[in-house]
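Same chain, two partners: chain A is paired with chain B first, then with chain C.
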Partner chain A sequence: MQNQERSVLICDPTLRDGNHAVRHQLTAEQIAIYAAAANVAGIPIVEVGHGNGLGASSLQVGLAKTDDKSALEAARKVLTTSKLGVHVIPGFATIKKDLRLALDVGVDVFRIASHCTEADITERHISYIREHGREVYGVLMMSHMASEDILVEEASKMQAYGAEALIIMDSAGAYIPSDVTSRIEALVDALGIPVGFHGHNNLGMAIANSISAVNAGATIIDGTARGFGAGAGNTQLEALIAVFDKLGIKTGIDLYKVLDAGDIAEKYLVETLPTISSVSIVSGLSGVFSGYVKPVNRIAAEYNIDPRDIFFELGRRKVVAGQEDMIIEVATELSKRGRNERS
Partner chain B sequence: MSAANKFHQSFVQEDLARVVMPMDLSQLNNSCVLITGASGFMGIWLTELLTHLIKTQQLNLKLYLLATDFSFAKREAPHLYEQNENINVICDDIRSLHELPADVEWIIHAAASPDLRVHNSQPIYASQTIAQGTLTLLECATRLPKLKGFLNVSSGYVYGYHSTKELIAEKSFEGFDPTSFSAAYVEAKRYAESLCTIYRNQFRLPILNVRPFSFVGPYQSVDAPWAVNNFINDAVNNQPIRIQGDGTAVRSYMYGADMAWWLLNMLLRGESGRSYNLGSAKAITLKELAEKIKHLSGDKIEINHSRALLKSKPSIFVPSVELAQSDMGLRMQFDIDAALLRTIQWYAKSI
Partner chain C sequence: MKNAIKPLKVAILGSGNIGTDLLVKTMRSPYLTCTLFIGRNMASAGMRKANELGVKISDQGIKAIQDDPACCDVVFDATSALAHIQHWPILASLGKHVIDMTPSKIGEMCVPSINLEDESSAKNVNMITCGGQASVPIVYAIAAVQKDLEYVEVVSHIASRSAGPATRINLDEYIETTEAAVKKFSGAKHVKAILTLNPAVPCVDMQTTVLVQVASPKLAEISESISKIVSKVQEYVPGYQLLVGPVLENGRIVVTVKVCGLGDYLPKYAGNLDIINCAAIAAAEHYAKSRA
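Here is the complex of A and B:
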């Protein structure tokens, strides 16, 4: 399969997943600068918004500096050839308030996401977007927490609701290539729509996992500039495009210009470049959502406990994105346990 | 009645006038028909056809319409339910049916959702409605003193997955994995057919099966998850038509009015114990379908292929209808162009 001429569609969530890395503080100006660079590079889809998607700005998961409307409008103005995408988690995003707004602003691609075992919650949102004639994908987050069979069942639901593609997210950066291969193969075999992969780099596997996904039949791959994203970061887009070029996998993206876009992202967006820190590795090993890294570090410092202990306990409890409140609960318990052991 | 509803009524009457052929309807006169699943696409079309015949052929016919929820039907076709002395609406769940009105002589059993969204999200409900619902209905039918015909509406999916170019005939069964996620609907339909056979054998009930394929026309929900609905929805909203994959999947489409006329013929003239395919034998790829819809909509919209290139798996879902044609001489009055044009006209006025 590797030697055949293949194409993949690249989706770039730098301006959405990257928002996790700066506590959702991206400004409209920053969004416009990077979106313009991505547009020039020919990146097919540029995803924009709060790290947890449309309508997610809140005390629980973080208040965004830029509201959805301003962020989307800033990107919309400069995306002349690239499509504007949004990440949508039903519950955070409501149909009347948020989807309607995004339709009005001119969002092209809606990626409706749920935890990997809860696709049922996406039916109304997917149907609504289909009725309004925009592209809609289904996204299964934290996909490492489900077996191939369960992923196929949940993905089949999304396909039935009208999803035009299905993306699995390695939200915790927990996969190694064989995990990706088996899941993507099962999905490609079972579904009649394109299948995609969204990687995180907690175990240093993001690019290898993305290649495995393509070799297993995935035709949509996510990557972000400089890997700007939650936890240890996402699949680094510039490196991904270079590797795909080397493998003869066509993306339609101009290599020099995507390298330029990476430089622009580093200069204008990134506070600290994502690295595979000890805590990120533990996040990947424990299978906890990469977006937990910053709040876990902050709360661990506050409670004077080892953040790695928090991650392993969160992993044992199988927490998912949106359950950030649990961090304090776990930290409190670990702190009490520590005091008891010392006394 | 609103202007839109008046338009619906006259539109459908025109269609029915085109499909109704000379036929001896004396068996239906002074009788009583029960339609289960009466609030869906098939049920509404059958109700339209029978009320059309009541008016145009001076039939004395009583209709019992059974469904759990008539809100869609009453919104789309209020003329059928307002001050219509021939119609008796029964709002009930077929699974909990205890007995049928004793004067029922004909049954068209169409209670089941063909919607994949329901099969996938509520597989227990979907399969129970078919399996338990059919069993309950058959039990009730054994106590009917004057039952003359029982048409069990099954599904073309009972044949399993087909990838060759041959039309699917009534004996063309392929394997199907009963443990697969998508098996709930199909296996329930196969079981329902088996139940019908068992009741026919043991109680000598006059039962036959009909296996529907793909349809198009008024009274389909515009958001139904089938390619033809999506394409038409895009076209009437002046949006680009988007094709998933390479557009090589092959389907065929029968218009709602033809479907209703064929169903009635099968009920009255079909041979008890037989199974008949219902649909169009004229194959069309999804790519050709999109082109036709674009053309019939005035060639103003674009057709886009998904940018995530996908080579579609061979998928062919087209029936052979030779048996229905040879047994009953049935012919479609709406070819694919006419069917699509009428549907586009309907939705253009309705959306």
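Here is the complex of A and C:
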């Protein structure tokens, strides 16, 4: 296998997952600048939107500075060779309000996501996009919370609904490489569609996990410029492309130009470069969605609680993505408990 | 029975989780008696349960009511939105009072802690959604204090096991119907409803959070208004409790409620199914009393 020519399709959610890192404040101008750079670098798919995808601008997760339509249009104008992608979570986004709008703006690739055990909520959304002749992937988020068997079962549902590829996300950055290998191998064996991996770097494993995914048969890998993304950030795209070049894995992306895109991202998008902060490590260890780092830090400060305690409690309660309101409830509970212990 | 009211005759159409749980609740009510429990398959779990309880059952669907219109005064329709759209003209022509458990949006939306009075005149009463029954009382209590709400958001989390195939396939309808109710009862210009399924085992209780952004929040007044309505909801949903707030966090007013089910036919974690059924029973009992 090592000697065969291998190639991987890169999807770049810098302008979507990165929105988590700036509290969903990316402007249409910033989106246009980075999308243009990604287009020049030959990145196949550029994903754009609120951190939780289409229709997710909310008090719950964070209000977006730029509405979906303006964000997508800004990218659409400059993406001449790269495809425009969106992330869609049913429960946030609906067909009437959000998918129709994205179809009208000219989105090329729809990645319809659910928590890793809830694939059946994506049936109508996946079929709707298929009926409209656009590309549609299934995405299983927080995939560390399910075994190989369950992932295969849920992924097979998405395939049956019409998904043309299946991505598993390590939304909490909780995996080590052997976790990725076993899951991707099981999915590649069971499915008749390409399998992909979306990493987060909470435990410093994002690149290593992505390599394991490719070695196990994955052919779609997500990465973002400078790792710009939720929590400790995503798999850093520039480093990923360099490593793939070294391994002889073809991506069709120009190394110098993707490095340039990284510099442009750092200059125009990034507020603080992603680091593996203490709290992000705990998010990864406790298996809690990386996007919770910002609200957990904020609420921990307001309630005078250790953010690490909040993460471990959220992990104990097995919260999934989209349950940000639980952070306040947990903080209230921990602060009561703390008072009782002191008194 | 201290109120000497002759119980109202009720037919339950739909033998799934909602219908069967409604049956158990109906049997406990002094104002209601279930005279016919209707499904499509005699072997289903709901039909067997009804049979065990000694209730008359039929597998003939809506035809069972057409064949014997005198069997009931009230019909709970616990089938699906699509089926209800077909059932309604038939039930209307038979003069039945209908309580619609589906998100069909045909009838008047009813939240018992708010508009039971209007409900007695409507012939088709819509029970909205579980998230609507949990969130709308809170939204309404906030709107009573903070006039001219611009934007209201309601977020619910339910246990995966409590979301059957109909809920899952109708997620968009859930959102649209819940948003319509929040808009109607808050007067807000913009609203948003979000639903998340959580597969944790042991199963999580239903939790609903209301989020509101206002220029000058009157927390003390809101708190009083909410505590009043929570007591009112508790009169018909014993497992409804205020968990958080109102608190002001990051410029948002945050209120979280939790709903534990009664554990009638469905497990206690299925507070989402319990609250809509408790609300439907309250609506039916009110109708029974108003006729007496």
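We adopt the following convention: the second predicted complex is superposed on the first by the 343 of 343 C-alpha atoms of A that agree within 3 Å, B and C clash if a C-alpha of one lies under 4 Å from a C-alpha of the other, contacts with A are read in each partner's own complex, and residues count from 1 in each chain.
Just so it is clear, a residue touches a chain if its C-beta (ideal position, glycine included) is under 8 Å from a C-beta of that chain, and two chains touch if they have at least 3 such contacts.
Source: prediction; values computed, not measured.
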| item | value |
| --- | --- |
| Chain B versus chain C as contact partner of A:60, first or second or both or neither | second |
| Touching partner for A:94 - first (chain B), second (chain C), both, neither | second |
| Which superposed partner A:123 touches (first chain B, second chain C, both, neither) | both |
| First, second, both or neither for A:84, with chain B first and chain C second | neither |
| Partner chain in contact with A:141 - chain B first, chain C second, else both or neither | neither |
| Touched partner set for A:32, first chain B, second chain C, both or neither | neither |
| Where chain A meets both chain C and chain B, residue numbers | 120, 123 |
| Chain A residues within the chain C interface of the complex | 58-60, 90-92, 94-96, 115, 117-118, 120-121, 123-124, 145, 295, 298-299, 302, 317-323, 325-326, 328-329, 332 |
| Contact set on chain C toward chain A in their complex | 151, 153, 155, 157, 160, 165, 168-169, 171-172, 175-176, 192, 194-200, 204, 207, 209, 211-213, 243-245, 247, 249-250, 252, 254, 256 |
| Residues of chain B touching chain A in the complex | 116-117, 119-121, 181-182, 222-223, 225, 230, 233-234, 237, 239-240, 242, 244-245, 249, 306-310, 312-313, 315 |
| In the complex, chain A residues that touch chain B | 7-9, 44, 120, 123, 127, 130-131, 133, 135, 149, 152-153, 156-157, 160-162, 164-165, 190, 192-194, 196, 219-220 |
